[in-house]
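Structure first, commentary second.
The first chain written gets the first letter, and so on, giving A, B, C and D; residue counts start at 1 in each chain.
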Amino acid sequence: MDFTDSFDEAEYRAKCRRFLDATLPRRHPGHVRGYRRGEDGPDVVPQAKAFQRKKFDAGFAGITWPKEWHGQAGTPVQQMIYDQEEAKYDTTVNAIGLQLNICMPTICRWGTQEQRDRFAPPALRGEEVWCQFYSEPSGGSDLGSLRTRATRDGDEWVINGQKIWTSLAHEADWGVLIARSDFDKPKHEGLTFFYLSTKTPGVEIRQIKQMSGASHFNEVFFKDARIPDSQRLGPVDGGWKVAMSLLMGERYSLDDDFGPSFKELFSLTRQLELNGRPAFEDGGVQDRLADFYVKAQGLRFTRYRIMTSLARGEAPGPEASIGKLVAATMIQDAASYGLELLGAAGAEMGADMPLEGIFEESFLDSPAFRIAGGTDEILRNTIGERVLGLPPDLRADKGMPFKAIPVGSK
Amino acid sequence: MDFTDSFDEAEYRAKCRRFLDATLPRRHPGHVRGYRRGEDGPDVVPQAKAFQRKKFDAGFAGITWPKEWHGQAGTPVQQMIYDQEEAKYDTTVNAIGLQLNICMPTICRWGTQEQRDRFAPPALRGEEVWCQFYSEPSGGSDLGSLRTRATRDGDEWVINGQKIWTSLAHEADWGVLIARSDFDKPKHEGLTFFYLSTKTPGVEIRQIKQMSGASHFNEVFFKDARIPDSQRLGPVDGGWKVAMSLLMGERYSLDDDFGPSFKELFSLTRQLELNGRPAFEDGGVQDRLADFYVKAQGLRFTRYRIMTSLARGEAPGPEASIGKLVAATMIQDAASYGLELLGAAGAEMGADMPLEGIFEESFLDSPAFRIAGGTDEILRNTIGERVLGLPPDLRADKGMPFKAIPVGSK
Amino acid sequence: MNFDFPDEFKQLRDTAREFLVERCPPAATRKALERADKVDRVLWREIGEMGWLSAAIPEAYGGLGLGHLAVCVLAEEMGRVIAPVPYASSVYMATEALLLYGTEEQKKSYLPRLATGQAVGTLAFVEKAGPLNPASFDTRFLDGRLTGTKLVVPDGDVADFAIVAVRSLEEAPSLCIVDLGDAAVSKMVRPTVDPSRGHATIRFEGVPAEPLPQANGATAFQSLIDRAAVMMAFEQLGVATAALEMARDYAKSRYAFGRPIGSFQAIKHKLVEVYIATELARSNCYWAAWALESESSELAVAAAASRIASCDAGWTATRENIQTHGGMGFTWEMDCHLYYRRARLQALALGSAREWKRKLLGALWARESAATPTDYAA
Amino acid sequence: MNFDFPDEFKQLRDTAREFLVERCPPAATRKALERADKVDRVLWREIGEMGWLSAAIPEAYGGLGLGHLAVCVLAEEMGRVIAPVPYASSVYMATEALLLYGTEEQKKSYLPRLATGQAVGTLAFVEKAGPLNPASFDTRFLDGRLTGTKLVVPDGDVADFAIVAVRSLEEAPSLCIVDLGDAAVSKMVRPTVDPSRGHATIRFEGVPAEPLPQANGATAFQSLIDRAAVMMAFEQLGVATAALEMARDYAKSRYAFGRPIGSFQAIKHKLVEVYIATELARSNCYWAAWALESESSELAVAAAASRIASCDAGWTATRENIQTHGGMGFTWEMDCHLYYRRARLQALALGSAREWKRKLLGALWARESAATPTDYAA
């Protein structure tokens, strides 16, 4: 039991560091990843594209993808090591990475070699950005209840409907889409999967403003948008399986420091005074800090357990599923507690507030973490059923034709 | 807005006090109601019967019951005032009160005047004790899934099956019973309600030992126990409605101090030292104590709101439903926190421990509070549906014949 | 036992609710959120005309003389609609300071204008991050002039005058009244977590000021804050209740997996926990209202309990309202964040719950040592 | 990156689990609960024969010399079956004290007997309610004799000898070894929240004792407790995991309202929270095991973190196991309370989580001031 690299791992890590040192500035000590200020600027995506190109040139694009996908045919450990190292740098520039890692494997897995050759290289080089047309206003957590309609018309499909929560859509060149091709079948059985250009006539993209003021998501409207049948992936009415393979492609997040947590609170309580003494010395503060610390360390070492499984070529254990659920609440709680410690003065926002105002900003950002990427409630269902093996809930819509199921707000 | 009695209320309160002063010792300051030590002794029920007789003689038995039920035809406020005053005395002796208040109203409401005349007076005088044969091993929270069988045989019914959680059964003379008379009907539609003597041949009563070592409950086995049809209450297959009217008879608990809470923790932290200072001065202790205090006061003043409604002749608002749910968890948490403060020495049990060992005893007692009288989960369902008006859960067994419903541990 | 608001105040509540629901929908607050002028001036004038600013002001000074129970009732309604008006600053803080500590002359000068809303008052007391500690205030009042800087002054962008908390020497006055229009006052409008209300950093550079002569030492400031906290707790309760109702309504009408999401225990039980938090807060608030109105010695304890409970209810209710709404919950266009922001602003405004927990225990300890603890809060 | 137990220890775990599940079902612990003799003597002999008592004892003293990772693995399995044997006292406490601070002679005298289980050792250190504070110990060691009283000595009813913590003068030894068979030792068996283990108040009235000469001052006691806490944390993790599995199995097989209760989100999500608590504890435990085995300077921090996390997991899991079982959950006949009791006993045994939180922050503060914090726990 140790934390050291094998020889090969150490060599690969050194290679990553050489590349990153030459390419990115190191994070300054107070910088917290995932802290959104400044990540909305107009330069973010161009910078991300340029960085992706450098990764490609240095052999760090598509590390684990096979050669047929134009990847590096590397191991999950290499990916993990790269991610670990990258986390030490200012990676605001990596804004397009997640979508790349979700969309492109779906294209490559379900598409022809010709499609792989057409799409993988420009995506890996950062020349083309992808997004996923997936969630819908009526769906939310119940993804399978989507109602965007795909109607066959000869060699084409006509798309009508609305998508939402589409990250990057306003910057993307291409998107993957799941739509309902048959309203008479049960809800997971009448769906078909496509990809299309965001420039397709009839596709309109509008940014959504979040409560924090940032705009990371879009609404997308389809009005008689036409897609050739050659841009279908998987069989007609067989799109659910394609979509699920896409979700499975989500990598384990090995990233910590995603918002304020123990470190920031520890730092705050050393600056702040309570009754003339450093806040840190207060028993109540210590009780709370200890809880944050133990939870944060629990998540950190859970990640190390996952990495160890990957390093051994094994699938990570079920513990891999708890990270996002625990972290999201922890961040919101930490933001809230930071404000409590700041007291009346803590209402003010701005970079001149303690710790550059991270607690106030995170107060407004953090509600999204408990929802985006699976709500707390859905994640608990998933862990309860897949990890603990508890029986599923009753399904009100089981076997019903989709059109008979009540959806959305009706 | 004030806390004072009206003239009539003050007069009644004085009357209660005169009776109680003459009858019972006052609670000594450290005594916590509901704290079980000593309440299991062989004298408890005889004492309770004797006390009930005194209440009857003084006009405090069946305060709100009508004259036809041999009651005092008083108001809910009078009952409330009596309960409030009684709570200041050592009422270990009141062990039979709850069952009296649940069972007898059912008899009186559904029975003939002849039955009222036969049963109400001895019950009110404490001469006959009642219990309810109600929950079953396979049922638990799902009371309606009971499977004790009532088979008609001429003018009699033959009972076979098992009941559980029957408080007082081993001391009781009579019991009310709900049993399944038709297994082919949906679960709430094939039930019939009876009363019977606990001495009926074929009725066997066994005490259940709880994890705390106490035995407040019983299992009851019915083997070909025979009940005359004249001891049926309500129509054949109409027992659910009778049972529900019984549950509704449950009075609002106006009793606080049911286990360790703020007061006991406050007292403990003034005795205990942390690092050479009274534990009370520690910031972490103060944070926790404040939470307990605010919750306990919230419950206390919620009771005052309920009393005010009763005093005005109105039905209490929905806030009346939260008391037991909040209190049960608070008691368990307080027991746990008391032990944490005691530290390594807190493992020991006994009357010579701080506060007479209440934290250790309550640690073992309190799990039952979250279950008996409605589990946390069932209470949240009830409040969510009845108070907030949220839609009911899906019912797996809706409309199914009872015999087709999976029950218990199969 | 009569632990409820008198009927006339219940009628006042009904009137206020009817008016405010109509007149001040969330869209009104959203407007304030998105523009520089944070006050709905028409609404402010209207509630002034109805006497809602003067409920606790005696008739002699142009008020309705209804007492504090009326203010508590109105505060809850103001909270329910997250009204974009300087109600808290002007009523719970400035008016209350004058009522408590003002000279006859000061009362005559300020209260009638506060009563109509013609003047907006506020309280300036925050100087640095961390718990409020009057002993450490740097702002000085010397020779009739005030010097110092106060942070996040509520409605500091629009207030006409401020009650300013100053460092007090023993029994010297700790509160001054200052005209914010004075040339030696500089205001910097500052953004906060709730931009639907205006806040400013205010610097006083030798500004002429008048002491409130009866505001002796640090205790005077604490008593004022205790009283303001009770009225604020009702306002917080209003926000929490409104957020709960919004979540409940959505949970009833939104379908997922073929059924209303409120039929899932994950949502149902969550909202029950919110409901419990609001009811525990309400009961503590009622107690505090009684203590405020009856000038009870329990006020310090009851004020702290009501504030702690309402802070908890506000946070729980507004946070889980967003969560119940899912993705839409964290968008700008949905109103959830208006409640979330306001609840936090309120929870910070008079010092955070953490601080009030320490105050609560201090007050309990003091009471324990005193001669005759009353029966109600034992 | 190799943050897992080596294969040979995983095999050890499998062997131990297979043996203990067969040999030590809850009925065995229930027997101990209901009788005066709290030790399953046959089981004790058997695990002694398999070398499980001597995993950390070097071969030179009759041990297996496998190191502490092996003890951690075994501790978790002991916890899973809530074994009625003095494993914690003898292995994590007495053995560990001798390994750390014993003279060669003391090691030779005691370790071989501890290794086989022939002798049972314990640690006597509790003197009063409240946090453990070595500076306030009243027990004295003077002129070769020990005087004082220790409370709730674990397995004090059956132990042959005890390591006793005494008030130390500066760098003088703070631990002594005492034969509990001595006539000047009086034991009073005492009931605890977990009667499946034996505890005694032990009075020493001038009993001959021998110091552990390298156990210098209060730090020596703290280091010993840190090490014991890591092994105990694994045992706690075992209890928590077993309780979770019991609840999960019941939730899968018990029907109410026509469906398995585990299909209700109220139960499902509750058990997910329990699962999360156990996994966070497991990860902290692994870290602490690494720190223990590698003699890392992070041990103080990691030990505290593992203890805090395991206390939380144990409480959450055993409490909600009862709740999941409903009425049956709080009966004597159902095994739920065996886990609930044991988890609490463990959580109190080395001082409660509250105390360890303070220790944790103290250790973090100390590390912050030190020169080179390592990368892992930043």
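Going forward, a contact is a pair of C-beta atoms (placed from the backbone, for glycine too) under 8 Å apart; a residue touches a chain by one contact, two chains touch by 3 or more.
Keep in mind it's a predicted model, so treat the numbers as computed, not measured.
Of the two chain pairs shown, C-D and A-D, the one joined by more C-beta contacts is A-D.
Taking the mean Cα position of each chain as its centre, B sits at the greatest distance from subunit A. Here the CA centre of subunit C is 51 Å from the CA centre of subunit D.
Subunit A and subunit C have centres, each the mean of its CA atoms, that are 39 Å apart.
Residue positions 259, 264-267, 269, 354, 357 of subunit C are each in touch with at least two other chains. Touching two or more other chains at once are residues 274, 283-284, 286-287, 377, 380-381, 393-394, 396 of subunit A. Within the complex formed with subunit D, the subunit A residues making contact are 1-5, 9, 77, 80, 263, 266, 280, 283, 286-287, 289-291, 293-295, 297-302, 304-305, 307-309, 311-312, 319, 322, 325-326, 377, 380-381, 383-385, 387-394.
Against subunit A, in their complex, subunit B makes its touches with residues 274, 282-287, 393-394, 396.
Taken together, the subunit D residues at the contact with subunit B in this complex read 125-133, 136, 151-152, 190-194, 199, 253-259, 264, 266-267, 315, 319, 322-323, 326-334, 336-337, 340-341, 344-345, 348-355, 357. By the touch criterion stated above, subunit A contacts subunit C in their complex at residues 135, 137, 139-142, 145, 164-165, 208-213, 272-276, 279, 284, 332, 336, 339-350, 353-354, 360, 363-364, 367-368, 370-372, 375-377, 380-381, 393, 395-397, 400, 405-410. In the complex of the two chains, the subunit D residues touching subunit A come out as 1-6, 69, 248, 251-252, 259-260, 262-265, 267-269, 271-273, 275-276, 279-284, 286-287, 289-290, 293-294, 304-305, 308-309, 312, 354, 356-358, 360-361, 364-365, 375-378.
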